[in-house]
Structure formats: C-alpha cells, structure tokens
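What follows is a structure written as structure tokens; I'll ask about it next.
Labels run A, B, C, D and E following the written order; every chain starts at residue 1.
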Amino acid sequence: MKIKLNKLLTKNKALFLAYDQGLEHGPTDFNQNNVDPNSIIEIAKKGKFNGIIFQKGLAEKYQKEIRASKVPLILKLNGNTNLSKGEPISPQICSVEEAIKLGASAVGYTIYIGSKHENEMLSEFGKIEEEAHKVGLPVIVWIYPRGKSVKSKSKKELMVRAARTGLEIGADIIKIRLSGTQKDLIWAVKSAGKTRIVIAGGTKQNEKEFL
Amino acid sequence: MKIKLNKLLTKNKALFLAYDQGLEHGPTDFNQNNVDPNSIIEIAKKGKFNGIIFQKGLAEKYQKEIRASKVPLILKLNGNTNLSKGEPISPQICSVEEAIKLGASAVGYTIYIGSKHENEMLSEFGKIEEEAHKVGLPVIVWIYPRGKSVKSKSKKELMVRAARTGLEIGADIIKIRLSGTQKDLIWAVKSAGKTRIVIAGGTKQNEKEFL
Amino acid sequence: MKIKLNKLLTKNKALFLAYDQGLEHGPTDFNQNNVDPNSIIEIAKKGKFNGIIFQKGLAEKYQKEIRASKVPLILKLNGNTNLSKGEPISPQICSVEEAIKLGASAVGYTIYIGSKHENEMLSEFGKIEEEAHKVGLPVIVWIYPRGKSVKSKSKKELMVRAARTGLEIGADIIKIRLSGTQKDLIWAVKSAGKTRIVIAGGTKQNEKEFL
Amino acid sequence: MKIKLNKLLTKNKALFLAYDQGLEHGPTDFNQNNVDPNSIIEIAKKGKFNGIIFQKGLAEKYQKEIRASKVPLILKLNGNTNLSKGEPISPQICSVEEAIKLGASAVGYTIYIGSKHENEMLSEFGKIEEEAHKVGLPVIVWIYPRGKSVKSKSKKELMVRAARTGLEIGADIIKIRLSGTQKDLIWAVKSAGKTRIVIAGGTKQNEKEFL
Amino acid sequence: MKIKLNKLLTKNKALFLAYDQGLEHGPTDFNQNNVDPNSIIEIAKKGKFNGIIFQKGLAEKYQKEIRASKVPLILKLNGNTNLSKGEPISPQICSVEEAIKLGASAVGYTIYIGSKHENEMLSEFGKIEEEAHKVGLPVIVWIYPRGKSVKSKSKKELMVRAARTGLEIGADIIKIRLSGTQKDLIWAVKSAGKTRIVIAGGTKQNEKEFL
C-alpha cells in the first residue's frame, strides 16, 4: 500500500514540532506558558508545521484542539522516563490501532541502538512498521545510539549508522542528531537511500536532506 | 469514546477511599474493626466518598455489599507484596474485562517510575488505558518514583514528574504524594494539564487541584 | 457466576488430601504402598475427604479410579522440583480448560510471596482466577512466603500476610502453614474475610477456621 | 481422548532408535555411514524398532523414506546445541501441529530438571502435553537432572525423581538414564506409576520396566 | 507442501548477492556507489544472480526496481547492529507474511549458536520454518557459532556443526563460513544431508557443495 507522506511534507520539506519530552524529562524543560499543550498546538498552527509529535495522553486529551488546528498529528508510540539508570529501553505504550483512532497521520518510535535492549526495540518496531504500512501510515524512527557499548564510537560514525539503520528496518523518515561536517551529513543522507532524514533540533530542512 | 468521569466527581471534587494496602502490607495497618471490608464499605457510604479502591478479590467477594452501598468501585488492576526487596514491580492481576464484570466505575494501576522494571509497567499500562478508554472507563494511575535510580532526586521534582507522566501516558486521574510547597503543587497541577490530580493521604480536594 | 464450593465442604468443613509432593520432592516421602496413587484414592474415599489434590499427570492417568471414588478432584495447576536453588518459582503446567476436562471440582495454585519471581506468579494466578471464576470453578491458593527477602520476618506475620493475600487476589480457599498461637490464627482467619482458610498438615478443620 | 500407544509397543515392549544428537553434539558421533539419515531409517526398519526419534528437519527432508519404512516417527519437539555453557535450556522448535503434519506417531520433549530454566521447560511441556493429548498423540519425555543445583545429588536419587516427575506432569513414556541397582530401577518404575519407562542407551526393555 | 527451490537454483547451483550488512555494520563497508541499493540490484541482474538478500526496509523501498530486475528476493527476517557488546542476539523484525507481501522467493534467518541467547533464536526460527514451509517458501539459515562459549572450539568443528544444525532444524539452504580443508567441506556437506550448503563469501558453488 502506498505510504501517505504528502500530508507531512511541504514541497518535499518537513518541519516537525516535537513535544514528547514531558515523559522522558518531566516538565523541567517547560515554562509557565509552554507547559500547556494548547500553547504548542497554537505555535504549530501559526508556524505551519508539518507535524506535531505527541505521546498518546496528549493526543487524546487535546484531540479537539489538535483537529481544529489542522496540524498533522505524529503519535509517538513508545516512551520512558530518564530516571532509570540501566541500559536504555523505551517500551511501546500506544498501539498503531489506537494511534489511528486518535487521528494520527504518522507514528513514531525511538530505538536506542547499542543498548543491551536493542533487540527488544528492533523486534517491537518490526511489528509496528508492518501494521502501519498495511494501512499506508508513515513510520518515523528516532535512532539514538546509547548504552555502554557506544561510548567509544565517534558521533559522526553513529549519525551515519543511525541513518542507514532507519533505511534497513523500513522507516519512512529518520530523525537523527546532527554531528560532524556538511560532508558527513550528505553521506548520512546517501546512506539512508529512499528514506528521508530529519535533523533533531533543526529548523526547516533543505532539500538536500531529502534526496 | 467519552470517558465517564461524572460518577467519580462531586462538583468537580473527588474523595476516594483507598483500601488496597492489604496486598502490599498485609493486615498490619488494620485493627479488629477495619480489617473487615464491610466496615470500609460502610465508611465510604456514610462519608459519601466518590470511590472505593479495592483489589479484585475484595471486589468479587463483597460485590453485593458494594453495589448496595452505591459507592463507585475503583478496581486496582495491579499489585504486589512489599516482601520482595529487588527493584519494584507491580504486575497486573485483574483484566479490564474482569473489572467491568465486577462493576467497576474506573480502573487503577500503579507505576514505579525509575524502577528497573519501569518499562514493563509502562507497557502494561499502555494496553490497559487503550482497552478501558475504548469503553469509556476512566483510568486512574498511581505514579510513585521508586528504586535505586531515584534516591538522589528531590521529592518535589519527583512529585512534578509523576504529575506530567500521568498526562503523557493517558491517565484521567493521577494520584501523587504531596511534597513541597503550595507553589510546587500548583506547578504539578499545571504540568498535568487536562488530567486531574488527587493527593494521596489527603481529604476532599479543593478545586485548584482539578484545574 | 456463583462459585461452586458445595462439593468441597461438609457442614462448612473441608478435609483435603494433598498428593502433589511427588513433583516437588520426588518419591522420597513415599513408601512401597503410598507411592501408588491408587492407594491414596482409596484412603480419600474411605476417609470421606472433601478433595484430593493431584498434578495433571495423576489426574489423567488415574481418571477412571478418581471418578469411581467420587472424591472431588482438586487439580494443582503449577509445580516445580525443589532441585533448583535460585529464588523460587512454580510455573503453570496445566490450563484451567484442561483441568475441567479432567473433571476437576477446583483448581489450585502456589504463590511464593517474597520471591524475586512473585510478580510472575501473581500475574499467572490473576488469569487463572478470572478464567476459573467465569465458569464457577473454585480456586484454592497456597501462599508460602519464601526467598531471601522473607528470612528476617516472623512466621506469625508471614502466616497472617498469606491469609490476607489470598483474599485480596480472589482465592476462594487459602491453604497456609500454621504458626503462632490460637489468637494469631483467629487474626489470620479474620484477615482472610470471606475467603476460607485451610491449614496445611492439619486434619478436619473446625468451624472457627471458616468464619 | 485415548492415547494411541499401540503403534509404539510390541507385546508391551518398546525399542526406540534415537537419532536426535546431531543438533546437540554436531556430527562428531557419526561416521561416514551413519551420518546419513537414510542409513538409520534402514537400521530401524530391519531391526523392527518401535520408533525412530528425529528432529523436525530430518522428519521433513526424509519424510518419504520414513513413511516407506513403516517405522513410527517420534518427533523431538525441542533441542539445543551443547556449545553454550550456561544453565541448560532446550527450547521448543517444532509445534505439535507441525509434528502431526510430518506424520509423527508421538512427540518428545527434554526437560533439564534442576536447571535455572526448569520453569520455562515445565511450562512449555505443559502446553505440549495438553495439545498432544487432545488428539490422542503420545508424549515422551526425557528428564535429565542438570545444572549447578544437582551436582551434589546421587545419581540414583536423580533417576528416581526423573521417573516420578514424568508421571506427575503427564508423560506417557519417560526416558531416563540407568543408575544404581536393579532394586533402584524397580523403585523408579514403581514411582512412575502408569507412565512407562524406557532406559536411555538400553536395548529391548523387559516387561518389568513397563509395569 | 513442496518447497519451491527452483527459482533459486541454476543447474543445481546458487549464487546469492548478500546486501544485508548495512544494518549490522552501518555503511562503513560501502562506497559512494554501492551505498545505493539500486547499484546492487543492477549487479545482481547483470551477474544473473539466483538471489539478492535484503532486509525488509530495502525490499519495500526498492520494490519496483527489484521486481523489474527479475532477480529473486531473499528476505532476511532478523537483524541487529554490531554496536552492542553482550552475548549476540538477532531478533526477528520481519514476519513471513510481510516477506511474502514484499515478493520474497525465500526467507533468511541468522542463528548465533553457542550464544547465551541461542534458545531464543532457535525458538523464533522454529516458528518461521513452520510458517514458511506451510506455503512452500524456502528457508535459508545463516549459522554462525558466536559468544564466549565457542572461543575454544576449532573453526573446522564449528563449520561442520553449523552444517548439521541447519539440517536438524529444517533449513533448505545453509550458509556457512568456509574453514579447513576440502575434506572438511565434504564432511560438512555430507553432515547437512538433503539440506544444501552455500559458502559465505564464495562465488558460484560447484555441484559437490549441493550433494
């Protein structure tokens, strides 16, 4: 089935507003204003963002406001708090079926490659990708190398690996952290093949990043 | 589907009578009188409580008495004893389907964030929330930071995180332990957004706590 | 559905013949005579026992003899050998459905509270209780505090906790080991509420124990 | 349903040809001749064996030859290599359904009692026994005490325990290793009750062993 | 059901182009040209390869190009990155059903025998083999001895074991690494019985390897 990416792109560029850090970090990153999901929906609407990234709790409680804003909803399917100090794992807490009911235009999932629990996340993602693509729902993956095993690796190498991993496992869009030079980023984009790359923390992506 | 919160609120306030500690602590907290669930049902009825919190064993054996009292039943779906000394985990022992059969007006679940087993509880809760909300059943979550990883954190920070976690994962009501100042509580309430907060150990909540 | 306890009681008393130790201990407890399950069925029949407790292997191979004896069959659903020295766990080896096919009048399950694997047994028991009670089949639980964590606890406290745990998780009958004084036992019985108590190793129980 | 043991017995005796060691040991036990499964099928046919024990790979690839030989097929459902040095575990790799499709007259399963993973094997066996007996398929169990916990036990005690374990969990035939005197074996046979015993490494069993 | 091996063989020989290392190693093995899956599809087409081995991400994104090339697709069902340093495990990320939808002519799976997680991979493979063979889909297995336990073993012994393991568990084709002499290879081929062997890193195989 054809993956419905159109809603997430404007002239082949994408600008997403991520607002799923409240589960991982708690509200420490927020101020009196942006602690309110409504303020974020407002920003996303005014900034003509191509997507707003929410955990299922926000997607459900602010459903009416999200639909009214017409900003596509990207439902983050897994999550964890950063309180636990062991090898990182982020379990699925929302099903693809529930995401669709909540009006999602895409689903997202984080994989900590290099973690002792990498296999559990790869396996879980595999089922999500299959279910989502059956109905044409785009899948975005956050690939963050983490855990004891990756400490000795260069950030540049890890960025490029993340890009390739996303292609290999069937993501439509990969969100990576930018490291290294412009040349490194071009290599990452090339390694990702037909899978598109979004840079974490960046602003509107230029076309190169989507080649 | 609309979540049926009305039964659990009186003028937007809620007063719940928790009586699920018998599994965790054994009967050490009880005396000759309140060891009998009937005495608790009586108190809940006379005090016009908005809910009585039971494990499934009590809900089943005292079903007739609970229905007669007209106090809404909140079925606690997971539980554990405090005998085991490892990283805390509280497994699901009652399904949403069974809770509904037993007449529950809401279901409850405890998550020990920061525990090595946090991921298992988040994952289990995710399925419970989905199943309960499909039929409009409210979900209450007890979020208690626990385990080695949280020892260095301030109680105030943990209270605020618990509040936000509840919102992010889709709870309708969050029960937290009170720590810090009135200002901290207001911040917690704000962090919880549209999810309502109940204070553990407290009495009738004022309206601020439900904003 | 109403739990069918009648077959297991004579004037509100119960006398069960447990013969499931062959899996846990091997045949060391047996002699040339009682190693044969037929001799046990004979004793249960002559002694007008209210139930004979078998693992599924015996229940199946001696099905004809059990039915002929008219002694109600209590099928023990989980079991383990005592060879392994880690934290105790007793896995389910017989389903409720299979127990019913084998003619069981009740099912039994052991939980080692305090064990590192307590959560796995509580979770497994939760599903068994739900499935059995759907068809009115009584559930008996053996609650034995075990594992490193319980070593410092008094036997009396552990007996009382076992009793309360059985009530909280939905057992119809709890089998506990007798410890402490007559007063302690009365407290245990009171803590168990509407769940009935059977004493391990005891003979015909007096009525107090079923209050 | 009646268990179809007739095909596996000749005048109440059984002689099985085990050829499943290729997975556990690799081909080190084989020579240029018996490395070929066809040579084994030929021996089983000429020796009028009551069963030939194969893993599913052999059962499938040599299906035609096995059927032509008319020797009953005993499908070994679990297996592992002996390369890994941790506490032993042998996972199920063939379902009862697949075994039936491959023409099996019985299924077999190995349990390492005393292993840290004993519970996983007991649980898996429990489901196999239920599924096989639903359709009258005999179940053979290999019970080998293994792992750190059993090192201090006498071989004789372990043989007798293995026999009893097989009866308790519902096996129709138990294969044990012979240890101790003729008297010990008689005690093992008696402990196994109506479950029949086959001696590993032995030749045609005499009737005593099947009492 | 008959396994459809014809598409994968030319006069009983097979030459596969493996391009699944991007997940395990990242793009470090690639250059500016072969980082593009299209260049590989081109090589496979021109070289008249009997199969091209892809992870599901590539199989989906380059579906049109693969079908146009007429090179049979071998879908690798499991995979992992080599970043994690514990005992090796490669989880399933693509189902047999999804592989069939993507047009696969065969499915592949890697098992690290000797790893602490060997049992999980054997178990997962067992289900894959059953599902694939139900519809006549060939199953290729990569058997690589790995982990602490195999360090003391000779490469020759491990090669021969890998070959036999593939036969025992039901693979149609086994890919092994070549070690030792021509005689050792002949012994490996003989040990694999009716299962065919492909040498990793080799070129077109001669007929001996398929006897």
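Everything that follows uses one rule, which is that a contact is a pair of C-beta atoms (placed from the backbone, for glycine too) under 8 Å apart; a residue touches a chain by one contact, two chains touch by 3 or more.
The structure presented is a predicted model; accordingly, all values stated were derived computationally and were not measured.
Peer 1: Give me the chains shared as neighbours by chain A and chain E.
Peer 2: Both chain A and chain E are touched by no common chain, going by the contact rule given at the top.
Peer 1: How big is the rotation, 0 to 180°, that puts the C-alpha atoms of chain B on those of chain D, in steps of 5?
Peer 2: 145
Peer 1: Taking the mean of the CA coordinates per chain, how far is chain B from chain C in Å?
Peer 2: Using C-alpha averages as centres, the distance is 31 Å.
Peer 1: Averaging over Cα atoms per chain, report the distance between chain A and chain D in Å.
Peer 2: 50
Peer 1: Could you say which residues in chain A touch two or more other chains, in rising order?
Peer 2: none
Peer 1: For a quick check of the interface rule, what order do the chains take around the ring, beginning at chain A and passing next to chain B?
Peer 2: Here the ring, read from chain A toward chain B, comes out as A, B, C, D, E.
Peer 1: Taking the touch rule as given, give the residues of chain A at its contact with chain E in the complex, in rising order.
Peer 2: Touching chain E: residues 113-116, 118-120, 122-123, 125-127, 129-130, 133, 145, 147-150, 153, 157, 160-161, 163-171, 187, 190-191, 193-195 of chain A.
Peer 1: Which part of chain E faces chain A closely enough to touch in the complex?
Peer 2: 20, 22-23, 26-28, 30, 32, 35-37, 55-58, 60-62, 79-81, 83-86, 89-95, 97-98
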